[in-house]
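Below: the structure, in structure tokens.
Chain nomenclature is as follows: A, B, C and D, assigned in order of appearance, with residue numbering initiated at 1 for each chain independently.
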């Protein structure tokens, strides 16, 4: 082996490390910038103000409700997609993935349009109001969270070999018992990951939330909306404080997912 | 087996189908609502107006630039993470995943803050302007696209057994040649999926784009920003037309990814 | 106990059956076949995991063709064992009783008996079944299957992950257990030796069809078709021409060598046939001893090409016929090799009894070279 | 050709070596050991895929301990073959020459020779290597490895995915190829029979250490330690007590049976030892024939417990000693079973030569039951 080869090998490794280093620097830069500009003290102090606290509280409630609804629907449909063959499965699969790649703004806008159609306005007037209401935000966020959750869950259920359910059935389980006693516990890390990632997607959403909920201070003002409003009124310290909360939530999501053993 | 068991089995299946059916109805409803409210004719006609065409053109250019930059960085770093063990790998891995779960609004806001710090404003004044400029949008979208791409690529590279590279090395390949001649071609569906999903993430982004680029009509007005502006000025037909384009792009992304054999 | 009538099924382009067989209660039945023959699909039909497209399955007198798996009261030991990783060893074994809400007095007896019989006491407290060794996992899976006191146990290549030596001892001890408990075994395997060890009766499945069914000895004595013969034996199978018949023996010529064979009843000679001789059926004659009285034909002069030592047994490859046109594999013992100082190049004489020579027609269908 | 000096490596808590061995040019060497013994790690050190923590590796006279894999000029046939799925059969075979930018005249000769030798002509145009059968894939991978004309070929369990019958014929034809080409083989396997078939010389690796190295016959005649004996043989190994020594023979007692053994030179008796007898080394005496002159001792009276038919060979399990306290496995032939009409329950006499009885100390370290 000659020197030229040694040099080439060194260059390849240097390239790999350099690219990764640049990416890490950018990501770390994003985190540091949040503190660098306004420091920590003022932003954190601003979190104690009642209207900020309300935004935090609202975000938590709405995202949690959205995640619960999303999971309740995603678990059965992911299981169906993972286990049963039926005509049109690929079509259903594609349709359910749509909100992952569709712009959240478009999701929110579509919902808005739906509530202006005949069936939509019937629901609005006779059943429940969604447009510019917290309920609408929950609906929009649930759609986004559902798409994330169904993907994670489908993989998790697929990773549980059908053999385990078959063995359980031969020991006397009905299909539902086999699911509840074997597949669901075995896929638990995936279920936790789906819940956490779905919640993260819901809590951080701006596009769909602002479309359906508008930006009604104190009523549909989630944390991302609040950041946008504070920035518009040049209250940077409060915006940074809220962003720190969002970032902390994102880091918590990553940490939780990794602790349950499933990289997002 | 008694009748009660048969009934239970039927109930379980009905539950699975009902949950999936509800989800499919919601997703299909989103798509149909886009057409139901304003019809197809006016929205599509509005796409021919020069300012709308400009938004489309800008979105395409910026998203493509962002995806190219993201991929150029994501390929080497995903390969490094997939193949080499190094101290702090889990930390790096977590950091690179951050933009996936971080709210795009927070990503954009962090960038905004960065360009107000000392090194940031040095870059702004002496090298290149980013804030409220298309370059800033490319940067923000590249960060979002990078996070998606690196995840997909890491999985794709991990799925290529190291054995193939080892065999190639023993036949005379340097590490770089083994990567270029064996791993990269074998991971090609993953590379295509990463490019397409990254592009989709970039083109549909609203939160990060509106933060860094502002909403300067005709200059930083991408399609999602344009939808938001049209809606603010109650030009619903044009907003719907633009949304149809976004939705078509999302469907194209899903289709492309499925055709290359890798579900998103 | 198990009766299968004209069962057929399909997956994609693969067609299974129609296949029929019957297994008496308390016996050990082996379904032998190469990978891809449809053995596992057949098993899945019996277990209710795959819906057959036709035929009937009767277990213990009850038609279960359309019953779900949980309505069949059978036990199943799959190849990968499928121990539940989220349950402890004890909870794995008691999964069946807990699902069926059996009271303790119903399972305690069989549980204690199995724990003692399979030496599971030191393992019961283990939390994670993934830390068990291969043999330990086998024993836990077996206890889990048997604690429900099934009448039939279906086994799908359950020993294939063990190494050769551990496999043998587990095979024998499971067989003891089967006989003690009067269980019916239905075992699926691609391993010839395993089939012969485990089977009271066996069937060979090739390309989705049961080609032969019977006691193991019938397969070594007399494969039902050339296809089965090719599956059981790759060496020592030759195309041959029918020469003449005399005194109930057929004389066939292969590569210049004339071999006498005692054909199966009902087979009529054709000009072009195949003969097969198992390596174990060939004897090397010792020149220091007189010929046995029955050795009146099939004395084959040959030359040792190679002696293969497999560690636990040996084979000699011997060329016979014009210019060594035929190469026979012969099972030899260490003693024979030592006593005759057998070496490569030596001239020797082989003998095979006419009733040990297989004779087959070329099958009608187009067979590959197996 | 291959010289390994005190090689050591570690992965996690597993420690390999220090291990030394040497393989002469043109020979076929087999490294045999159970799963988890460290064989593959050892191989990866030789190939440059794992960095050893100590020792030296010399290939063809060149110290390659720190050379990268591409600097070692060796060929490698892994267990999974690793054919490149994105290349055609032809491009797979020519991958090495194309990477090295060899001109056509340099590879055309070996390429044509391999295509003919391995009957690859009908496969060359195939676009997708995943559509090849198991045996075809083996041949393509072999051609890809050999087209670069390496001096050494490393094989890692290359036959384990084939079924028993196909495996045997490929083993023999690869061995022919090795001898013709004067290649050096280094083969890693856990399969005893494969080791004995393929080896000019072999080594047994247990728990990261090379426990014995030598010609295959040395392993059947005389395992170096009780640990090796236990790896080679699960049956017929018994604890025994030393009784006396006379005329160069040791007399040992196991379960009431006294067995004469010819100990290895240099071994001194201890009160507590182990004896082992291979099933192949035991002979069933025929009452119709006189005793051979050397059969002056080790005549063991016993009773047949069970006859095991493995299809291609048979074993008798024979109980000997006080109240049948010892159970011996004996290799028997179909002829013997037929001629003696051997049945379960029959009384028979066994013989084993004293030089075929293994004698071992209990090793100092705490061994499990293998």
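Rule of thumb we're sticking to: a contact is a pair of C-beta atoms (placed from the backbone, for glycine too) under 8 Å apart; a residue touches a chain by one contact, two chains touch by 3 or more.
Small disclaimer: the values here were computed from a predicted structure and weren't measured.
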| item | value |
| --- | --- |
| Given chain B and chain C, the chains that contact each of them | A, D |
| Maximum inter-chain contact count - chain pair | A-B |
| Whole-Å gap between the CA centroids of chain A and chain C | 54 |
| Whole-Å gap between the CA centroids of chain A and chain B | 14 |
| Two or more partner chains touched - positions in chain B | 5, 9, 174 |
| Interface hub residues of chain C, defined as touching at least two other chains | 68, 70 |
| Touching residues (chain side chain C, partner chain A) in the complex | 47-49, 68-70, 72, 74-76, 78, 80, 82, 84-86, 95-96, 99-100, 144, 148 |
| Chain D - residues contacting chain C, complex | 34-35, 163-166, 168-169, 190-193, 195-197, 216-217, 219-220, 232-234, 278-281, 283, 308-313, 331, 333-335, 370 |
| Chain A residues within the chain C interface of the complex | 161, 163-164, 166-174, 177, 181-182, 185-186, 188 |
| Chain B contact footprint on chain A (complex, rising order) | 5, 8-9, 11-13, 15-20, 22-24, 26-31, 33-34, 36-38, 72-77, 79-81, 84, 90, 92-107, 109-111, 113-114, 116-117, 120, 143, 146, 150-151, 174-176, 179, 197, 200-201, 203-207, 211, 224, 227-228, 231, 239-240, 243, 246-247, 250-251, 253-255, 258, 263-264 |
